[in-house]
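Starting off with a structure, shown below.
As written, the chain order gives the labels A, B, C and D, with residue 1 at the start of each chain.
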Amino acid sequence: MVEVKKITKSILKDVIRKRPADSFKGTYGKIVLIGGSQNFGGAIIMASLAAVYSGAGLVTTVTDPSNQASLHDWLPEAMFVDWNKFDQAEPIIKAADVIVIGPGLGTDNHAFDMLTKVFEIVSKGQKLVIDGSALTLVAANNMKLPTDSLNILTPHQMEWQRVSGIKIADQSPENNQAVAKQLNAIVVVKSHRTQVYANDTIYENTGGTPAQATGGMGDTLAGMVGGFTAQFKDTPKAVLAAVYSHSAIADKLAEKQYVVMPHQISESLPKFMHKNQAE
Amino acid sequence: MVEVKKITKSILKDVIRKRPADSFKGTYGKIVLIGGSQNFGGAIIMASLAAVYSGAGLVTTVTDPSNQASLHDWLPEAMFVDWNKFDQAEPIIKAADVIVIGPGLGTDNHAFDMLTKVFEIVSKGQKLVIDGSALTLVAANNMKLPTDSLNILTPHQMEWQRVSGIKIADQSPENNQAVAKQLNAIVVVKSHRTQVYANDTIYENTGGTPAQATGGMGDTLAGMVGGFTAQFKDTPKAVLAAVYSHSAIADKLAEKQYVVMPHQISESLPKFMHKNQAE
Amino acid sequence: MVEVKKITKSILKDVIRKRPADSFKGTYGKIVLIGGSQNFGGAIIMASLAAVYSGAGLVTTVTDPSNQASLHDWLPEAMFVDWNKFDQAEPIIKAADVIVIGPGLGTDNHAFDMLTKVFEIVSKGQKLVIDGSALTLVAANNMKLPTDSLNILTPHQMEWQRVSGIKIADQSPENNQAVAKQLNAIVVVKSHRTQVYANDTIYENTGGTPAQATGGMGDTLAGMVGGFTAQFKDTPKAVLAAVYSHSAIADKLAEKQYVVMPHQISESLPKFMHKNQAE
Amino acid sequence: MVEVKKITKSILKDVIRKRPADSFKGTYGKIVLIGGSQNFGGAIIMASLAAVYSGAGLVTTVTDPSNQASLHDWLPEAMFVDWNKFDQAEPIIKAADVIVIGPGLGTDNHAFDMLTKVFEIVSKGQKLVIDGSALTLVAANNMKLPTDSLNILTPHQMEWQRVSGIKIADQSPENNQAVAKQLNAIVVVKSHRTQVYANDTIYENTGGTPAQATGGMGDTLAGMVGGFTAQFKDTPKAVLAAVYSHSAIADKLAEKQYVVMPHQISESLPKFMHKNQAE
C-alpha cells in the first residue's frame, strides 16, 4: 500500500520565507489569471484576490470586459486585460512566472480557443495552474497538457473523474498517483481532505471544514496556488503550503462562523502568512 | 378561535444542523434568484447576499445586465445570468433546489413573461419562494400558482391584501389561514410581528424592531428563506428559522443602532448561525 | 442687533424620536434625490448614503445612468432611476415626502430642464431641499422658487452669494435673514460655523472641524437634511438636528483623524442617532 | 563625497500643520490626477485614493471611462472626467494647484497626446508630479519637461534609468543629483531606501519594508505626493513628508502582515497624519 504523508503546519515555515530587505515587486513573481466569463466573473475575481493577497508581485487578470469594474472594486492592485483582445494578453502570458487558467472560464468556443492558445505558448520555466472549467475542457476535448511548463491541476473530485477517467468511488491514492504520473503533473484533488500528488509522493491535508462548502472556495485555492508558486521556489512544497494555509484559515474562521466566505480567506492571508513565516 | 404558536429561539437549534464533516457545496443546495430590474437592482443583490451568507451551496442570480457589476461587488460568490437570455437561465432553474422570484422584479411585460415561464417549468421537489413584485403580478393577473412545486409566499400586508383579497384591517389569523390553505402554500405575512401560515398551523414571530423599517428588509428575508430551505429538510421549520433569525439579528443590531441596514443582517448570518446551530 | 441662537446637543433628543414599535418603512418617509452627472456622480451617492443611513424609509436616486453600478455598490438599499427617463421619475417625485435636488447635478441644459420641471411639479406638503449646482442654476437663471413646497436651501457661502446677492464679507445674520424671509425658505449657510435661518429665528451651529474641509461634506449634509425632514415632523427643528449631527459626528471622528471622509459621517449615523434619541 | 541627509520622523511635525479652524476645502488645494487606461485603471484609483485620504480639498480624476464606476466605488469623494473629453479636463487642469500624471497612463498615442498637452498648459505656481508611464513616455520621446511648473518626478530605478540615462548600477547620489539639477526637478528615486533630490540636497528615507513589494505602491506614493504638496507650502519638505509617511505606515502594517496592500496605506493616512501633526 502506498504511503500518504500528512500535510501539517510545519510546511508553512518551510516554505514561507522571510522577505529579503532589498527586494522589489519583480522578486515576488508575475502572475496572469485567465477566466471569468460574463456568467462566472466572480470566480476569476476571487482567484485574483487570493493571488494578490498571498503576496504575488504583479498580477494581471484576463477576463470578460463585463468584469472590469468589479475586478477593480475588489482589487485595484490587479491589472486588467479584455480577453477578447488576446494579442494584448499574449506577451503578458509569455512573460509570466505563473499562469492560472480556469476559474469561471466556461466551456464555450472562446474558452476552448484561449485554453488551446495558452497551451501552445507556455514555455519552459513557467508554471501553469489548470483549474475549474479548463479541466472540463481538457477532458471533453482530450487535450494534451503542454510539455514545457510545469503543470499543476486543481480538480475537485468530479473534475478529476473527467480528467483521469477514475470514478470518484475508485479515486484511491494508488489509482490517482498512477494517472498523475502519466500526466507528469502536480495534482491537487480537492475534497473534504484534499490530496496532493507531486512527483512520487502522495500528501493528504489535515485541515478543512464543512463551513468551506460554498461556491468560490476552489477559485480561491487556485489563486493561492498561483501566488505561492510565484513566490516560493520549491513548487511542490509551495503547493502544499497553499493547500494547508487555505484550510487552516478556514478552520480558524469556522470556529465562529457557520459558513466561511472565500474572500475572507484571501483577506486573512497577509496576517496568516506573517505569523507563519520562516524565522 | 385558532391557536397561534409563538416562534421562539428554540426553532434555531431544531433547524440549523451541525454540518457533516464530509460534505461539499452540492450538499447545501442550489438556489436561483430572479429579480432586479434596472430600477430595483439593489433588491436582488440584497436577496442574493442573504442566500449566500446563510450558507447556500451554489447561488445564481438572474437579473438585468446593468446589475452585473454591483452584484459581483457585493458577492463574487454568486453566478450571474442576464435575464434577457432566459435560455441560459432555464436549465439552471430546472436544476435548482430553490427558486426565489420577485425581489426588484418589477411589473412590466418582461417581468410577467419570466414569472409565467418560471411557473410553467418548476417541478416536483422544487421550492418556489414568491416575493415582492412577483406577488403583485400574481394578484394583478389572477395567476394560478404552480401545483408541482412547494410554494412559499412572502408578502407584506399590502401585497397579501392584493393576493388574498383580504383587506389589511381584516387580516386575522383565521382569514389568512383560510386563504393560505386554499393556495396550498406556506405564507409569510410580514409585519411588526410577522406571521407564518404553514400546513394547518399558524405561527407568530416574537422578535422584530422598528429599526428594520427600511427598504430592502423584505428582500433580505426572501433570500434567507431561500438559503434556509435549500439547506434544511423540513421546509416549514426552515421558514420559521429564517423568519426568527432575521428579526433576532436585527434586534441585536438595534440595541446600538437607530436603523439597521438590510445588508448588515446578511453579513451577521455566519456568526449568528454558528452560535445557534444544533449541538 | 438680531439674536443668534446656538444649536446645541439638546436639539437631538428634541427631534430624534424613539421609533414606535408598530411602524413600517412608509412611516419614515419617501425621499427622492436628484443629481449626479457623469462628472459628479459621487456627490449624489454621498447624499443618498446620508439619506438612507439617517433612517429614511424609501430612497430613490435619480441620476445619470453611468452612476447606477456605483450607487448600488454603496447602497443596494436605494432605488435607481435613469435621469434621462424623467417620465419614470415624475410619479416618484410627485409621491415623495422630500425631494433633494442639486448634489452633483451640474449646470448644463439637461440639469436646468430637470430643475425647472421639479419646480413645476412639487406641491403642498412636500419639502424641497435645494443644494449645490441647483442653487447655482437658480441664481444664474433668476429662477423663482416654487411656492407650494416647503423649501430648504443649503448653500455654502459662495453659493449663497450667488443666490442672495450678498457678498461673503457682507453675509451678516441681519442681511442673510432679510433674504431668507424674502425667499420664504429655510436657509442653511454652510461655513466654519454653519447658520440656519428658519422662520424668524437665526441659529448658529456650535460644532464643526477643519477636518471636514473636503469634497462631499456638503452633499452628505444635504442628504441628512433630506433624511431628517422625511422622518421628523417639525421641519425647522429637523434641519437643526441634521446640521448639529453632521458636525458632532465629524468632531468625534476628528479626535483621531486629520481629515474626515464624508461617507464616514453617514456610516456613523445609525449609532449616533441611537445614542441621542428621545427617551 | 556628497552628503546624504536622513529623512526621519521629525519631518512630519515640521510639515503637517494643524488645520486652522476657519478653513474650507479650497484651503487644502485642488488636485487633478491623470491616468488609468482600460488596462491599468487600478493605478489611478489607488493614486486618487491617496490624494483624498491625505486631505486634499478637491480631487478630480481624469481617466478612461471604463474606470468611472470603480473610481466611485472606492472614492465617491473624487470627481470624474472622461479622458477622451480633454476639453472638459483642460480648464480643471489649468485651475489646479497640483497635477499628477502617469499612474496607469500607458504609453499609447492617446497617452502621449495628453502628456504633451499637459506639458503645454501647465503654468507658473503649479506643481506637476510625473509618475509611472508618463516617465517612460518622457524618456522614449525625449520630451522636455515644462519650464513654468515646479516638476516632481517619482521614478522607480528602472524608470529613472530611462529618464536619466544612468544605469541602475551607476545610480549613485552624485550621478543622480547631477541629472536632477539639469532637469531642474525634485526627483524621488523609489527603491528599498528611497532617495529624494531636491534643490541642492540629497535625502534618503529611513523606512520601508519588503512587504511593500507589490503592484500599486508607487501609484499610492504619487497620489500622496500630490496630496501633501497641495496642502503644505514648502514643496520639497512636503515631498519628504509624503515619502516618510508612506514607508512609516507600511512599516507599522508590516509588523503584522506579510504583504501590505497599497490601499491600506491610504486608508491609514487620516489617523497617521492626526497623530503626527504639528502641535
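Basically, a contact is a pair of C-beta atoms (placed from the backbone, for glycine too) under 8 Å apart; a residue touches a chain by one contact, two chains touch by 3 or more.
If you're wondering where the values come from, they're calculated on a predicted model, not measured in any experiment.
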- Query: Once chain A is fitted to chain D on CA atoms, what angle does the rotation have, in steps of 5 degrees?
  - Reply: 90
- Message: Among all chains, whose Cα centre is located farthest from the one for chain C?
- Response: A
- Message: I'd like to verify one number: the distance from the centre of chain A to the centre of chain B, where each centre is the average of its C-alpha atoms, in whole angstrom.
- Response: 35
- Message: Please tell me the distance, in whole Å, between the geometric centres of chain B and chain D computed from their C-alpha atoms.
- Response: 49
- Message: If a residue has to touch 2 or more other chains to count, which residues of chain B qualify?
- Response: 69-70, 73
- Query: Any idea which chain C residues touch chain D in the complex?
  - Reply: 38-43, 45-46, 49, 66-67, 69-70, 73-74, 156, 191-192, 209-211, 213-217, 254, 256-263
- Taking the complex as given, what residues does chain A use to touch chain D? 16, 19-25, 27-28, 52-59, 65, 68-70, 72-73, 75-82, 88, 269-274, 277
